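Note that chain A is present in both complexes that follow, paired respectively with chain B and with chain C.
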Partner chain A sequence: MSNARTQPSQEHGPEAVTAKGRSGVALDRFLTFGAVVVLFVVFSITAKNFFTMRSVLSLLLQTSTTTLMGIGVTFTIITAGIDLSIGSVVALTGTIAVMAAIAGVPIWISWLIGVAAGGVCGLANGLMITKMKLPPFIATLGMTFVIRGVALTITNANAWPAPESFGALGNDTIFRTGNQFPGISYPVIIMIVVAVLCHFILKKTRVGRYTYAVGSNEEAARLSGIKVNRVKILAYVACALCAGVVGTILASRMVTSQPNSAIGYELNAIASSVIGGTSLMGGVGTVGGAVIGSFIIGILTVGLTMQGANYFMQQIIIGLVVIFAVYFDQFRRK
Partner chain B sequence: MRKLLFVLVALAFVAGFVSAQEIAVIVKTGNSSFWQNVQTGCFDAQKELKAKTPKLSVTFLGPQSESNVAEEINIVESAIDRGVKAIVLAPSDVTALVPAVKKAKDAGIPVVIIDSLLTGPTSNYASFLATDNDAAGRACAKELIDRVKAATGSDSGKIAVMSYVAGVGSEIGRVGGFKDYIAKNSHLEIVTTQYSNADMPTALNQTTNVLSANPDLVGIFGANEPTAIGMGRAIAQAGLAGKIVAIGFDGAAQLQNFIKDGTLQAIAVQSSYNMGYQGVKTAYEASIAKKKVPAKVDTGFIIVTKDNIDTPAAKNVLY
Partner chain C sequence: MQDVILEVEGVSKSFPGVKALDQVSFNLRKGEVHALVGENGAGKSTLMKILSGVHQPDAGAIRYKGREVRFHDSTRARDAGIGIIYQELNLIPHLSVAANIFIGREPLTRFGTLDEKKMNRDAVAILERLNLRIDPTITLNRLPISKQQMVEIAKSLSFDSEVLIMDEPTSALTESEIDELFSVIHTLRDRGVAIIYISHRLEELKHIVDRISIFRDGRSVSTDDYAAITMDEIVSRMVGRKLENIFPSRHNVPTTEKILEVHGIRRTGVLHDISFDLYRGEILGFAGLMGAGRSELARAIFGADPVDAGEVLMNGKKLSLRSPSESIRAGIAYLSENRKQEGLAVKMQLAENVTMANVNAVSRRLGIISRSKEMKACQQYVNELTIRTPSLTQVVNNLSGGNQQKVVLAKWLFCHSKILIFDEPTRGIDVGTKYSIYELIERMAREGVGVIMISSELPEIMGMTDRVLVLHEGRLEATLVTKETTQEEILNYAAGLGEKARTQS
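Take a look at the complex of A and B:
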């Protein structure tokens, strides 16, 4: 989260002025990660059965989907854009994967079809934003309805059961050792792989550096020869591919098509990213930040549920944590 | 010329409807399995009534989505304008449809309300047909208590309620009735009430957390279709299928599978078919037959279990 702000700004944005030294970076990183640890310890003490191997693994599994969406949306926010269609893409891609499996497509190919469908949605978003010059907020908001409509149409709004083997991706685990260790779920492994890959792309590749450049100052990026449109399209494709992975994972966990689900998931994704230090103004953000942000939300949700806290109270607490996490983050930077 | 032709065709179309005795069925949306089932009921009633009134025609209309209230109002008003004999309406909002229904009444068109409550004076409409959600919630509670007793030999222990959207009309009746019956007829303790916002993955996660926080849970209630499906998945994944009493609501294919494999012990299924069938029949009585109709009709629900899932009574309501 901290290097979220400092690293790109050292090269591009006006934030370069406020960039902190090495010790500041270390302190920032310690503080945000510390918040995760504090939450974890608090719930381990207060919530019964929270600190058990099974619960921790379940927490990882439940949070993995928000994390993946958070990583994806970070790409678009860094380019000073946004993707509001994530929830609909999740519903559509899961639905398409299930319908493919029901139609007799081999299971693992149906999963890939689901993810690829996400890529197509992202391409449509990207083209509308770059070629039709629509504001990302409007283009992706419009697509929210279009994509949801397609998901409802192909299922006739039904929850269709998929073949049982379709559930392997979301429900099976590896490293299982009998009853002592229930194993790590595939979605958690996928989350780690995607996080490492996306971190590498953003930090170590040219297209990654261009992404920050476009978000910091689009005109300057254009003048220095960066193909701005191509960078933006790639950001929206990356985001929707992540959403496609999530849609396929959730459909697999449910072994059911769910065209009406995932409404508003984009807001959790955006919150994760912003708690993790991504600036909605663009040019700033990291994969690590999005991961930490999503786990702050995830630990709160799971912990409060397990504590038996009143549901309405949970909503208030989560909302306040989002607000104050970002407030303290800004405060610290001044 | 073309425009004129279009107007003429439209006029002929409208005239055709007027000379036919039209009953307009206007529902919340055409695109869900629940409403498809309502439609089947409507057209079966039409078939039956055509014997008495050969010119009878039942039309089935609805907006694209359940939240599109304004479009539903437009559909009602255009039905009034073309002079239908009666309207069967499932209002997608408790207040927004009141003026349109009043307008129909003033035009002498009886309105039969189905599925969801409408506020305003009840004299605005001829009859109200819906599932008695309070009774359905109580029936679920009774089923849960009986099964916990059968399994553990006592009516005490912890249970959880997995609800959907806090405070909507059907939820207040359904979950309220459930909780009230539990409190008055057993020593079961409701340890938590969660709201999934009718989102399946959320219900799965919430149920997983509730189950791991309360290993001694004896029963659980999933109060609508997506919530019950998510809950069933969580129970199956936790390896608790058949070890904990689980009651669901509504009758999607996935829930029927859960009943058959023993993950859920019972589901309360509303008779959406009956809403359509009785809705059209009641509208016919009130308009064309000019008879008095009851102000309130319970369209009923059935508790479906492994034992009765293949009987005709259950098959009639399952979709």
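Take a look at the complex of A and C:
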């Protein structure tokens, strides 16, 4: 009986279909990555000084923070959630790190306190979403105001100067060789480490697998014995930890507390993730996509600026990129 | 009566890699109920989608009322008088009954606002043509599924449909609701509507069907008057071979060793003080009507729904009943009745679904998944269960229903559970796959697993179980030994008509 049933599948041979499937995936990756290369080449030709060591390094530095936030928010979007509080978390964690440093905490510990503060915000988001069963949009929208308010309260809305050495994280570089090579900024190194780590977590570990499962079908995941609440909380903690890293980096770069900074950063993060192919319906998304997405935005911003396009024009173009990236992505998936 | 209203001749349709329909012919007469049967993948759905304008044929002709037609989309087919009612209803839950019937063509007042009065009046008129009394202003999702289906039929009728296609209309209905549906179908037939009736439940055809067409592997095998064909002939033509037994011979021997003891499970308004035992190597059936609490009882034991009172012992040890994850660790598996909604992560790969409930088994330290172990484990189940898939990394959404069900099976087999709860394991599955699922259930019991099987199909209960619990409105009405009971007796208890608490063991 099994003979009769397996027969038809052999007509359209398993190997053929597999091969087609594989090349399809390869093509997808190639296309998105290709977009980055094309943009890069175009700007290298059209914008003066775009393709220089200094401007490439500064592009990497500028894009690193968006990338970090984009990677973080990808975790929450894969679970079919969202985190709108990223901008506020960035502001709060930066100010907390600065205030800690001012209070006399050793500098590197104050940086860690900043990042950890992000984790606490994420835990709060996660608990509201799982225990109070609030929609992620509402919970994190509310937290946007709460967290911003806390940042303003503890600083009294002032920009407090941090000790000078606090600025090292955001401003120093490594691998510097005299004047030939200006060195790679710490935020870029952090970005690479976080991206590799998060990619590994999502693709190779149980908790990563569960993240996709929860986003793809929460009830099936629960009935499969996956602790859905725990997975969701971890996603929000991961997201807010990334925001905490960004907050600490940005405060360090400014060497002051900036409670009013980073307004709307979550939208850049979400845009990066979505350009990279993450589905707001959940269950789909990659770290690589988020990285590519934020680099598309980053290259456009820097390139257009160097070409002399004004800020308003950049906004229009980036908006259109988000819209058409998702539009073409839908085509590809069909 | 003999007028052919719709004729399909030599229609073929291919999709990338599959020839879904190959030179299919078929005709439908005015005022008949014409059953269309065949295994999953036989081409029924594809033909229906062509008739209703969703797909276009590659070759062949469709003649409707004597003229050759080609519908470029479903709206045109509908306007021409061909309506289709899908298994999953196409209604909007938060709108009223009348709003659903007239969606997209709402009557307007002179001022361009919705004319609710006319809409409700017309809706009542349409519903009355089906002898239905449903308040048109009620919000749809407050109606039971059966009534929602009636609304869908009414909606289709409001387009003056002369051909109505029904795809598995009884799959979500209780016995009494099915009777209601059949009387509506009779009303329609008497009004001259031609009905194409697709169903996997062959035994229900005798109540309504005039003619029957059988499809296999994208071809039309035969068309007969229903009265002139036997059930055996239908089944053997569907599967292309003679199917000697609908159920495998049973070799499992229930032991006297209690693997599961359920004491006084109660959930207010749902389950009332239910106690029973399950033995190693036994297949225990849960019978009852829709809403009797069978799935609810299973989910309570599995820890998927909270209980208000009661305890469950497994091998003498108390289970926490707090969450599925603890039950799974204890060795219980629950295969839910609704695979797409509760069983599968359809966007994920086959392999990822198979290992979902037991990723630990293919993980190394620190929760890192070994892809090679995963693939190896998965390949074993693909072979064992003959899952038809181009590859292990195929996204589950692209598999057929029967194969999806097998993926769910594989997921739980991979957990090596000691208790397996199957909730409607063969719903919506073709005859051949059903048999292999029965074989598997039997084999699990033979290997010493305690099996609970929930089923709405009494022949399945009779053919596969050792004992049957019959539930009625959340109460345990009877515990029967399958060999000593009859379908009629079970039905009596299921309807709440049996003498209370007559228990055999």
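A few remarks follow.
The rule is simple: the second predicted complex is superposed on the first by the 314 of 334 C-alpha atoms of A that agree within 3 Å, B and C clash if a C-alpha of one lies under 4 Å from a C-alpha of the other, contacts with A are read in each partner's own complex, and residues count from 1 in each chain.
The rule is simple: contacts are C-beta pairs under 8 Å (C-beta built on N, C-alpha and C of every residue); 3 or more make two chains touch, one makes a residue touch a chain.
Predicted, not measured: the structure shown is a model, and the values here were computed from it.
Within the superposed three-chain model, A:107 lies out of touch with both chain B and chain C [touch as defined at top]. Judged by the touch definition given at the top, the superposed model places A:117 against neither chain B nor chain C.
Shared-chain residue A:139: touches no atom of chain B or chain C.
Of the two partner chains placed by the overlay, neither chain B nor chain C lies in contact with A:242. By the document's definition of touching, neither partner reaches A:96: not chain B, not chain C.
Residues of chain A that lie in the contact sets of both chain B and chain C are absent, per the superposition on chain A. Interface residues of chain A, counted against chain C in their complex, comprise 1-2, 4-6, 8-9, 11-12, 14, 16-18, 21, 204-207, 209-210, 212-213, 216-217, 219-227, 283-284. On the side of chain A, the complex with chain B involves touching residues 47-50, 52, 54-55, 58, 62, 65, 149, 152-153, 156-161, 171, 250, 253-256, 258, 260-263, 301-302, 305-308, 311-312. Those residues of chain C lying in contact with chain A across their complex are 17-19, 41, 217, 239-241, 302, 304, 323-325, 327-329, 334, 336, 341-348, 352, 356-357, 359-360, 363, 366-369, 371, 386, 388-391, 393-394, 411, 432-433, 435-436. By the touch criterion stated above, chain B contacts chain A in their complex at residues 31-33, 36, 64, 166, 191-195, 197-201, 204-206, 208-210, 212-213, 215, 225-226, 229-230, 233, 237, 252-254, 257.
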